[in-house]
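Below: the structure, in structure tokens.
When the chains are written out, they are named A, B, C, D, E, F, G and H in that same order, and each has its own residue count from 1.
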Amino acid sequence: MSVDDGVERLARLPTEDLGHAQVDTHRELRCGFSEVVFGAGKHPAELVSIARSILCESNRLLVTRVSEESATTLATELPGACVHARARAVTVGLPAVDTGTGLVAIVSAGSSDAPVALEAEITARMLGAHTRLVTDVGVAGIHRVLSRVEELRAARVIVVIAGMEGALPSVVGGLVERPVIAVPTSIGYGASFGGLAALLGMLNSCAAGVTVVNIDNGFGAGFAAAKINALGNEDG
Amino acid sequence: MSVDDGVERLARLPTEDLGHAQVDTHRELRCGFSEVVFGAGKHPAELVSIARSILCESNRLLVTRVSEESATTLATELPGACVHARARAVTVGLPAVDTGTGLVAIVSAGSSDAPVALEAEITARMLGAHTRLVTDVGVAGIHRVLSRVEELRAARVIVVIAGMEGALPSVVGGLVERPVIAVPTSIGYGASFGGLAALLGMLNSCAAGVTVVNIDNGFGAGFAAAKINALGNEDG
Amino acid sequence: MSVDDGVERLARLPTEDLGHAQVDTHRELRCGFSEVVFGAGKHPAELVSIARSILCESNRLLVTRVSEESATTLATELPGACVHARARAVTVGLPAVDTGTGLVAIVSAGSSDAPVALEAEITARMLGAHTRLVTDVGVAGIHRVLSRVEELRAARVIVVIAGMEGALPSVVGGLVERPVIAVPTSIGYGASFGGLAALLGMLNSCAAGVTVVNIDNGFGAGFAAAKINALGNEDG
Amino acid sequence: MSVDDGVERLARLPTEDLGHAQVDTHRELRCGFSEVVFGAGKHPAELVSIARSILCESNRLLVTRVSEESATTLATELPGACVHARARAVTVGLPAVDTGTGLVAIVSAGSSDAPVALEAEITARMLGAHTRLVTDVGVAGIHRVLSRVEELRAARVIVVIAGMEGALPSVVGGLVERPVIAVPTSIGYGASFGGLAALLGMLNSCAAGVTVVNIDNGFGAGFAAAKINALGNEDG
Amino acid sequence: MSVDDGVERLARLPTEDLGHAQVDTHRELRCGFSEVVFGAGKHPAELVSIARSILCESNRLLVTRVSEESATTLATELPGACVHARARAVTVGLPAVDTGTGLVAIVSAGSSDAPVALEAEITARMLGAHTRLVTDVGVAGIHRVLSRVEELRAARVIVVIAGMEGALPSVVGGLVERPVIAVPTSIGYGASFGGLAALLGMLNSCAAGVTVVNIDNGFGAGFAAAKINALGNEDG
Amino acid sequence: MSVDDGVERLARLPTEDLGHAQVDTHRELRCGFSEVVFGAGKHPAELVSIARSILCESNRLLVTRVSEESATTLATELPGACVHARARAVTVGLPAVDTGTGLVAIVSAGSSDAPVALEAEITARMLGAHTRLVTDVGVAGIHRVLSRVEELRAARVIVVIAGMEGALPSVVGGLVERPVIAVPTSIGYGASFGGLAALLGMLNSCAAGVTVVNIDNGFGAGFAAAKINALGNEDG
Amino acid sequence: MSVDDGVERLARLPTEDLGHAQVDTHRELRCGFSEVVFGAGKHPAELVSIARSILCESNRLLVTRVSEESATTLATELPGACVHARARAVTVGLPAVDTGTGLVAIVSAGSSDAPVALEAEITARMLGAHTRLVTDVGVAGIHRVLSRVEELRAARVIVVIAGMEGALPSVVGGLVERPVIAVPTSIGYGASFGGLAALLGMLNSCAAGVTVVNIDNGFGAGFAAAKINALGNEDG
Amino acid sequence: MSVDDGVERLARLPTEDLGHAQVDTHRELRCGFSEVVFGAGKHPAELVSIARSILCESNRLLVTRVSEESATTLATELPGACVHARARAVTVGLPAVDTGTGLVAIVSAGSSDAPVALEAEITARMLGAHTRLVTDVGVAGIHRVLSRVEELRAARVIVVIAGMEGALPSVVGGLVERPVIAVPTSIGYGASFGGLAALLGMLNSCAAGVTVVNIDNGFGAGFAAAKINALGNEDG
């Protein structure tokens, strides 16, 4: 019996091809932000290895969707790593809260949406944005979001996160003139169909100017928000 | 060549079986309210014939989902018939506006939802309820529904009609303690999938006490609302 | 390594914002009935903490969808807590069986639907309704439901629970004039698609006056039924 | 410019290949009953041509799903053709009503299901079965089907046709020991999704022994019923 | 703390109601064959209890979809119980192989379909049919089913079981004049969507006379086949 | 016979309620940009009436999704109206091409996507953005989009429009650091399912920072892009 | 009033950009075969214009999915154009039947699949392949395809076209060692869901080596087949 | 108690029937390549038994989708077995890398697609093809695939593997004239719906000549590619 060299050949390929093309091998989800690693489905050791190679060239790192085991391993192996348990993320070099330029508001409907909200917040902060969390303002208690409108209007761009019927982006989009990025979450059961109900609701929002990302994609929303927020830093 | 007697045999069957069982032949959607006829897909002549047989035994009639041609024919053939063009309905013996007991509020998000809202309103009125229409209060302009809350709180039961993301029932359900019946409409395009987005949104409403009927089913919502409204007429 | 303050910041937020708006933080599913907690996906300690804060202001509590572990922890930590194992619920201050006003009948098709039926029954009872369970009356043995019609007619409102083809609400809705709230369950396999077949069946019910809640949503049905039942207590 | 010979080459092929293999060219839906033609999407002239070639070898013919135009053309061109307008069928050599062996009952929920019911009935009759139509016995008026039980028990096999929630086969299957073939119809709107709701309901029937055919497939149900009915003619 | 009496009340209900209506409490899937129990989701002790109550009144029993643990418990507790491991079933009083009247052929495409095939076979045998298994005759090796045609033609009715594309019933239905009951299985991956591909394939079969049951529903197919097979025992 | 006053009552309602709440009656899709009217499903006369009421208070107007008939009527009735035939839009007061601030690039994959691209372009221009169209750069000829990269990089925000597999936003998102708004179109057939394939593709884009709007929603994308583009006009 | 220059600007764009990049403007579906035009949704005049520009640089042309009106216009306007009515195609320079190299067999299940089969055949022929049509060999009459096996084995690659359950590719793939390209068609009704059933069936084919194209995509299958066929022309 | 003979009867059947028809019993997924075994859902002992019977008649073997436990057992029990851990495969007699005729390129978008890519590569190699892996060339970094175009053009046929939006085959199909076989993978989350997004994207590819296999079906793609590759070995 022998163990096939499939893994070895795959691992060797980037070395063989190391012109400029494949430098981001193994990081297919990092497009445009080369220090982020999608942690789901990767072994702790694999994550440590990728993280180290990134930290050779950069002083910041964001690993999303980590398991508890991976988080612990990364925290142990990487100097300066910070574990964000509820966000299911590990970071190196994350700017402090209340630093950064502009303002990205992250608004969520319910407490179960917190992991996605925190992933969005950390991502935007990592990319240099000042952020603010506005949580537990679901539409069934409409006074809650109304009482926070001034905070929302202070932001350059707003990320709105909701599961179940996904109605919050429509309300926020109607209250605030700023760009709104909606994130459906998989919170719900039965006819929520894993977030499909919230996704469809957001795509059909009657509030103009709402755009949508994939279910539970806090990273994508935080990334897009930070890009948009950065436009306000440029000369008008 | 001969023309088959299939239709004739079908038409004859109720006569052959006229014990008590099949008296409502040809009216499969009238269950529990024997004076209503579902007009879609029926020829004008067929509708006139059914309507007349109902009016032999009752002084009220509701025909829903009528084509323009059927409406005209029914209005011409039936004394006392009233055409409700936007509601796509024809009635005989409809009680006047602002009569009836209790109060059923019919709330709709946008002007395109009017046919469904009016079908619900006419149905509830026909069954003896006092009704009130509150229209154009979609969630993207949240101040609109907020300014009407007192009217909603005056009702015993509220029918809420919305297409697109179907978020209005959640907001109303959070503002008012009364039972809410949500009606998704097929208004929308693309990922609305013919009303599916609104339907799923309403089924996943985070506001407790919201129940849902089929897409565009104004009749069913008005009927259920009238039944619930009538409970308030009984001795406590 | 340091542990991120994400959770802490989230937990702190309500304290920071404690005007009147966010008092129901962490309880996004309690809208309109502030003593209910949706237990699924929450840790036992988190549930105990939420439960205690509710019991400071109220003498009743309903926790739904609890795991066995959460149920045991809540029963141990909360004086007066009662575990309802099959209903997957924990209550404090639940009124006794056969108390309450009016009558809400809870009808279920098969024994596998019992957890949903009991969740509906406990919810309605918690909100002050007199309740009656009518179980195992699926449509494939139609004599079963027929033999219980008198009990059903005695109710002000009827909750009907069924999985598989979800046909029972149509039959009940045709037999009894009262409002019917239909609850599809995820009981079934194959083309039941997790309750979708029953949900679609109920939405397409040919019996007028049937309204529908989400799959397995016994709480929502019990809540809506109790609201409707309460209308009969008012002056006519 | 020239007109391509695609059609000609296709039409010529069977001639070229006329061993025993392709004799049923152009009649892909006739499998097992070589005198049936699926009329939908075929031009009147094409249908006449196919019909004539069948009538050279047989004295019976069934054309299903014919348009009004095709029906008229076939009736004009074929001696002895009988048009069944509501069933959307044309026949030659159809046995008279109340002839045939055994008994196939065809049960339908509402009058809108009549075209499918009549297609099933004609098909079964064409194949030698004695048939009986039992119509308008939808489950929302359960007394209707109950009053017909004796007729159903007299049949060897029962075809049950319903749209909307498709619940009738479950009720019939629970009342009668005979094999039940369920036919979902596309009657309905909104969340009926063109008959999907009825189809799923029937596949999930809790009544054992119910089997299902495609939406609106009255021909298939009548064909299967006639095959099953014929088993009773054999020596036990 | 106290443990709620929900379960007790439910369990007590049948006793309270023991007229003739609810005698089959807890056995919602047994409709028409009162000695069958659907074992999925039931605890071993619950199954033993139900099984014993059945065996008080009958000398035969079929428990389907049993877990290994339930099978062992039932085999230990019930005298004369026979475990059918691959069929996931337990029986009491199952007639011997090659006994019974008529002939039901059970045909399956691949070896992974064996559990469903065996469930169908045991069910048909339990109901008095002579049965024959024809396995591993999937359509990609068409010679396999062709070499078994004589065996298929000897049957009164044929159950055809297939996963993946579900094409076998069309081929068998074209080869044999007998009624064909098709059973889609959940065997497959990716775009099989848990058996949906096979289900749709079978519903669209171009072979007339094919009827379909739910995904993996070997019991239902065996039950329907036995009913049909029994017709051949009657006087012609 | 009398004609019901349903329409009249509906039309009268806003007059009765004319505080500040319902001023945008009948324009449910204009949220946040009160001079836009969604033209689909509205009669020409209704559109003229709405348009006139808008032009009393504003010197600009955008009517989207107009039929040819509505476009002609609006052009005839409204002084200064401009018909954009391929964009299916009518405008009043549209700023000239190559005016406006910043830059919004509108990129489309194929010529069939032009109506959606032009709707987006006109919307963004109406809201004050400088726009540029980059068309026919579908991914199957990857050199086409590569040759336009410099133009794309000059924009502040990019709208990318594609039907069929919807892959273009991923490629553009990887080439350009700017925010990308993806618009799936209903161009395609078969398994495109009316734009669903493109929609899912865009939601799953591996390029970070891509956000998505509803199928064919050029207006929404242009609106969001203009809002984002305007951020660059503010002081940094 | 003025007519907007949207169309003009679009039309002008290729002229403005006429480097090498956008030469195939307006022909997004021609990728890799620059003489093909997808005719659906294009006006006759537009098609004539595109066709002429192609014929300036090539002596062959294939227009697919043409309406009858477009076919007539193209045939009138283009010298040498040949209309293929049943294939819904127009060609210039199509090689004669029975010319070309290698052999591509095009196999179809039923006569309704002919338009797709002929589109595939013409495409393959246009690209230089020798082709053979084998029609009406659906699986419900399995002898039909068996009698043609030798013809199929003579081909280098086989295109198999079927609607309804889409089973034919599995049978052919099991009979012949050659690459098989499966084309699902939209032929069917009800649970065929516009070809979805056939598509899923083909994707789940148990015959290894079957690959699949979009529903009704005869062009794509013919194109792929011709590419594969051409490999056999190269030096081994 | 007795243990049923279901398994034994099934196992015995092939022996009973051992003409030529059922020799490939238990190997329903091997059609056309009799030495491959689909390992998913089979017990290690069962796999060893099947493998040994194959190795009696052949000196090569491919077991796909093996669990770790099965891989270890097979490696221990079978002399010469090689475990390919990442490809989830076990082989006997696999030709060495860089042997074989022609060239099959296997291209994958991200590192998570490696198991599917390696399964395809091993399959093609097992069937005699020379293979080359080109990995991590997802479309969001378009330079990566562009830098590898020469390698792709050297291949006779190309397998392209991608999850998420599945766009890579369109880009490759536009860059290279060779046949492209696209394999969607289940890599993704949320609206990827288990690979459905990638599958639909590939079926709608605007690059002509792309054909598609089932989600994650590396074996099928490798098998088809090897068949096509072999055509190039024949005399032209």
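As a convention for this text, a residue touches a chain if its C-beta (ideal position, glycine included) is under 8 Å from a C-beta of that chain, and two chains touch if they have at least 3 such contacts.
What you see is a predicted model, and the numbers here were worked out from it, not measured in a lab.
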| item | value |
| --- | --- |
| Path length in steps (a step moves to a chain that is touched) from chain B to chain G | 2 |
| Superposition rotation for chain C onto chain F, Cα-based, multiple of 5° | 180 |
| Chain pair equivalent in interface to F-G, over half of contacts matched, among D-E, E-G or B-F | B-F |
| Farthest-lying chain, centroid of Cα atoms versus that of chain E | F |
| Between chain B and chain A, distance of the C-alpha-averaged centres to the nearest whole Å | 44 |
| Inter-centroid spacing, chain H versus chain A (mean Cα positions, whole Å) | 34 |
| Centre-of-Cα separation between chain F and chain A, whole angstrom | 28 |
| Touching two or more other chains - residue numbers and ranges from chain B | 28-29, 31-32, 109-110, 138, 140-141, 146, 173-174, 190-192, 196, 199, 203-204, 206-208, 214 |
| Touching pairs among all chains present in the structure | A-B, A-C, A-F, A-H, B-C, B-D, B-F, C-D, C-E, D-E, D-G, E-G, E-H, F-G, F-H, G-H |
| In the complex, chain E residues that touch chain D | 28-33, 36, 156-157, 173-174, 177-179, 181, 199, 203-204, 206-214, 219-221, 223-224, 227-229, 231-236 |
| Chain C-touching residues of chain A, taken from the complex the two chains share | 75-76, 78, 80-87, 89, 91, 97, 109-112, 114, 118, 121-122, 133, 135-138, 140-141, 143-144, 146-148, 189-192 |
| Sites on chain E touched by chain G in the complex | 109-110, 138-142, 146, 164-167, 170-171, 173-175, 188, 190-193, 196-198, 200-208 |
| Partner chain D, residues of chain B touching it in the complex | 1-7, 9-10, 13-14, 17, 19-22, 24-29, 31-32, 40-41, 184, 186, 194-196, 199, 214-217 |
